[in-house]
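The following blocks contain the structures, represented as structure tokens.
Shared between the two complexes below is chain A, which has chain B as its partner in the first and chain C in the second.
== the complex of A and B ==
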């Protein structure tokens, strides 16, 4: 109970920060609190939040994925190319197939070759970006002819923007997977203690690969939203995406060394970052200062997180 | 003389719970003073207060007539205290020599470069003195658990402290090494050092200690000269009631061969290992450090491969490519490295116990696990093995060693197992829990399971097992039945001098 509460307390304090910031921004610029702007923020949230759900699995399994920004670009180009020639559904199918392949590739490099996740995904990041640029042939692939795609970013169901529905769905499935299934438990156990997992008969390599696949697959949703927003297949999008997503996950309270993720925290952290960006924008703050502001807020979040971790290890040491 | 170290009314609370409550006793200069008690009795907490890791909430520590204010590890070292902790504090990526002199780097040349050779030589001197056969330039990560323990001891001795605290130094050592440690302790005592010694093993306490202090539930129970105590009395003081010994346990071993291993060989690790395990049998595996018995068992379990040889499970040849396959066939494996390869520290007690049985749980829609099922499994094992924890969601790292071990055993018991491979099933756990684990082993044997148990403590091996095979340098050098058990014989075989 206490543990559950402590996890919740972390989320509650993070959510508190969101509310306070939102109120401050609204006082400074009342336009913040309009239905239009809130929808806008939530659509912004969906971009990072969806991929961050997958990344939470990766961190939990003890790895992370630098390549998802490049995946975003590659999927964007592929979707544009296939959609204009073969149609929307083949395009989406191809997107998921490619993402799964990328996930498997990352997983195999890390597990079979024993290369650290950072190095492995850094390499695939460069590689995949290269493929995307080659495929696009240095130019953006226009999507004007396929208007149906527009629905992914700006369509609504019962007045709710589609990206928000997509986010809700991804999180519902992730929650279920993470907390309620054997799969989730195994992912957590691999990140918590790989040796013990192996002795317990868990295929640790498969689990790590699965985490990479999940990350890449969730990045597909983000890519589809982004692509539909710009209506171009762009090989240059998402250069900061991996870092944004990783920042979100860590800010949300997921432990970097594996074993303990916090999906709720990840979701709240995505909202927090989107609120900060939107609030600064709406108040006409210079974009240079925006980076600075986000940096300062992150430092505070990490200090808070660090104090908590320190307290935990001290407690563990006592029991040893 | 009689009160070199005076511990006065030391209290320490963690989150409102007393870990130590008004503990007072004296330690004489130049004596070996054993502090005993079950896990959670507060021994380690007290030692950490002396070592400066924790600060006491109340009370005082007087050393050599002066009240000392120990607020940090540095303060503690300043008082001439050196602590060998239960958990290793070695840096795996550094060499043995670098670890030994980690806080005490030898003289540097004028450029500030550490004289590596000198350091290695100094390290070798200490290691030689202790008769530890470890290369000072070897990386600590390549050492076995017991070698690490010896390096830890060497590190503490390198500081030339007056007061040496040993917090369960023998938990990872085998008989031979324990004997060497006893010699070292005797040597230190002769030099006039004061040694505070914590151990669960009664025998070595009686071998070495001059005085015994017993703690129970954070409170002081008694201090007496070791010569005036018997083992049974110490146990009674520790647990607060008498413990029944099981000298005449029936043997449940039958004729049915459960597991047969033939000429198992992995080059440079073990060679032509053959043995049989019968139904209802507790088969002990003895040997010195690095004798290859853990490796043989790991290979059978599928944790790594072997070059040649055959393994038969109930007459059928098997070869497990990974541990999952072994588990499918009803074999389970209890690690001797509970902290690093056993528990999932960031997960709850409940998740820790169900991690293996989860694959057999009924799942709604093929993958949804109902929480009540997990809770039910935990409850079953909690009752069966008397596991103590605050709540099912509690992280397992907060439990005592004995309870963690019970959770690990419970993990295996929730499956339909036929063969239990157990490496040091009682390592680092207290007397009460140890007895419970023994009776669990007997119960499993009675139910027709086969148990392979590795014990470094020969007294345990002799007490618990029906039969033993002895390893030396990757080969089986002897096999003994219960009637033939005796320490000298096992040691002779373990040294490779057998028939």
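== the complex of A and C ==
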């Protein structure tokens, strides 16, 4: 009960920061407060928010995925290649199949070879990026001939941009999976104590692999939106995507060491990141300063997270 | 018969075999200029790998070193224009030290996992390197400075000499001092160290400062070799350094490792990439190759354990059948 309360108050304060920042940026540059720009921000939100939902599962299971930016690039190239030759639906199917394969591969490397998650995904990051560049043959794959793809980024249903609907759907499913199903409970259990979970009959390796698959599969949605935005299959996109997603998840209050995630926090944090990026953009701040800002925010979020964990452990020790 | 630990000597064997084959097959490989360039290449990343050896033995990682190298290089080159070579080198070292200290404080005193902290500094420092001179390259013209990267004494490249001296010093620190013992003990069990009264936070923080200093030295060599400091240099530096350390047999889980093997692995890694270059392998394929090498190095531990397990089982079976 107390935990739930503290999570709520964290979410509310995070949302407060979003509102304050938005107001500050609006004062600096009134163009911030236009319908067009807000729609822009929300589409921006959907890019990181969707992948961050998957990453929240990974963090909860006690692992994390550095290769997500490379997955973004690989899927982008695959979608462009298949869509121009075989059509949109085969392209999307292929994208999900490949993402699932990447997730399984990551999971197998981590669980079967016993390599730490981030080291393993550091390797797959390099390998997947290499495959993406080789597939694209060093050039962008144009998508102009396939107009249907455009719908994913700029289409609307009942006036609501499609990426936002997609985000809502992904989060609805994630919420259900995370809080209401046995699967979610098992993931949380594996993250907080893998040994105890194994002894009590949970197949921990499968859970970890599942978390990797979820991360890669949610990255497909992000990749589709990004690809539809630029209308190119690009092997160079997503270089700092991992930073954005990690920052989002940690800022959202998910515990780094696993076991406890906060999906609402993740969603709010992705709005925060998007508002910052958009606000700096609209005020003509150089993109390097944006990267610096996100990096510094990540570091402060980490420090905050560290202090919180230390306080918790001290409290547990005191209460015995 | 004394059992030879294959894991410990595998790197040097592979290096000898590779060099043997390449000496026999490829004429351009055995030229003095090419060997010199292998050693220079090995040194520039290898020096950072020395610091990384400490970090990995402790059970942590540092992903930020590439950005740190670019940042320190920019500061150094920027100072060199106005202040001369010695203050510039001092400023470069100071930049490395401060970056390492920031990493160390966050990781040790706020107990944040190293890889995620250094991911944050990885992006922040890279951004700072770009901001420092508006994303422009700074050219270095000081001939004495350029000598550090391109000169050689008695036929041996200066970077390699620096590499060897540093390796010797760090090997002594790791194997012969209390601090080194603490680092190794931390890799085995941080909790046990804390309970037995070691100031684990200070040990950890110092290791990251050491990493920063090593990176600064690497930065001197890289900048001097290229005769300029550019903000986009060394994008995969952390990856190369980690590969060298792991290739050198340092256990990823910490507690065990050797500086000597890291030196050999650095030369091996540089030789492999040199060979790929000699046979005109595409840069992307090279990266994929290096990725596979790292994966193989990572799984080496697993393979060893697996075979040890198999051997034990077969021994048990023979005993049972008797």
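To be clear about the criterion, the second predicted complex is superposed on the first by the 305 of 320 C-alpha atoms of A that agree within 3 Å, B and C clash if a C-alpha of one lies under 4 Å from a C-alpha of the other, contacts with A are read in each partner's own complex, and residues count from 1 in each chain.
Please note the rule applied: a residue touches a chain if its C-beta (ideal position, glycine included) is under 8 Å from a C-beta of that chain, and two chains touch if they have at least 3 such contacts.
Note that this is a predicted model, so its numbers are computed, not measured.
In the superposition on chain A, contact of A:70 is made with neither chain B nor chain C.
Once the two complexes are laid over each other on the shared chain, residue contacts for A:295 go to chain C alone; chain B is not touched.
Contacts of A:209 after superposition: neither chain B nor chain C is touched. Look at A:201: by the touch rule set out above, it reaches chain B but stays clear of chain C. Number of chain A residues touched is higher for C, counting chain B against chain C. Using the contact criterion defined above for the overlaid structures, shared-chain residue A:113 touches chain C, although it does not reach chain B. Residue contacts after overlaying the shared chain place A:260 against chain B, while chain C stays out of touching range. Once the two complexes are overlaid on the shared chain, A:246 sits against chain C while remaining clear of chain B.
Chain A contributes residues 64, 66, 109, 113-116, 118-120, 122-124, 126-127, 129-131, 133-134, 138, 240, 242-243, 246-247, 250, 256-257, 286, 288-289, 291-292, 294-296, 298-299, 302-303, 305-307, 309-310 to its touches with chain C in the complex. Only residues 14, 19, 44-45, 48, 53-54, 86-87, 301, 303, 322-324, 326-328, 333, 335, 337, 339-348, 351, 354-356, 358-359, 361, 363, 367-369, 391, 393-395, 397-400, 411 of chain B touch chain A when the two sit together in their complex. Against chain B, in their complex, chain A makes its touches with residues 1-4, 176, 180-183, 185-186, 188-189, 191-193, 195-203, 255, 259-260, 315-320. Of all residues in chain C, those touching chain A in their complex are 61, 63, 106, 110-113, 115-117, 119-128, 130-131, 135, 236, 239, 242, 252-253, 284-285, 287-288, 290-292, 294-295, 298-299, 301-302.
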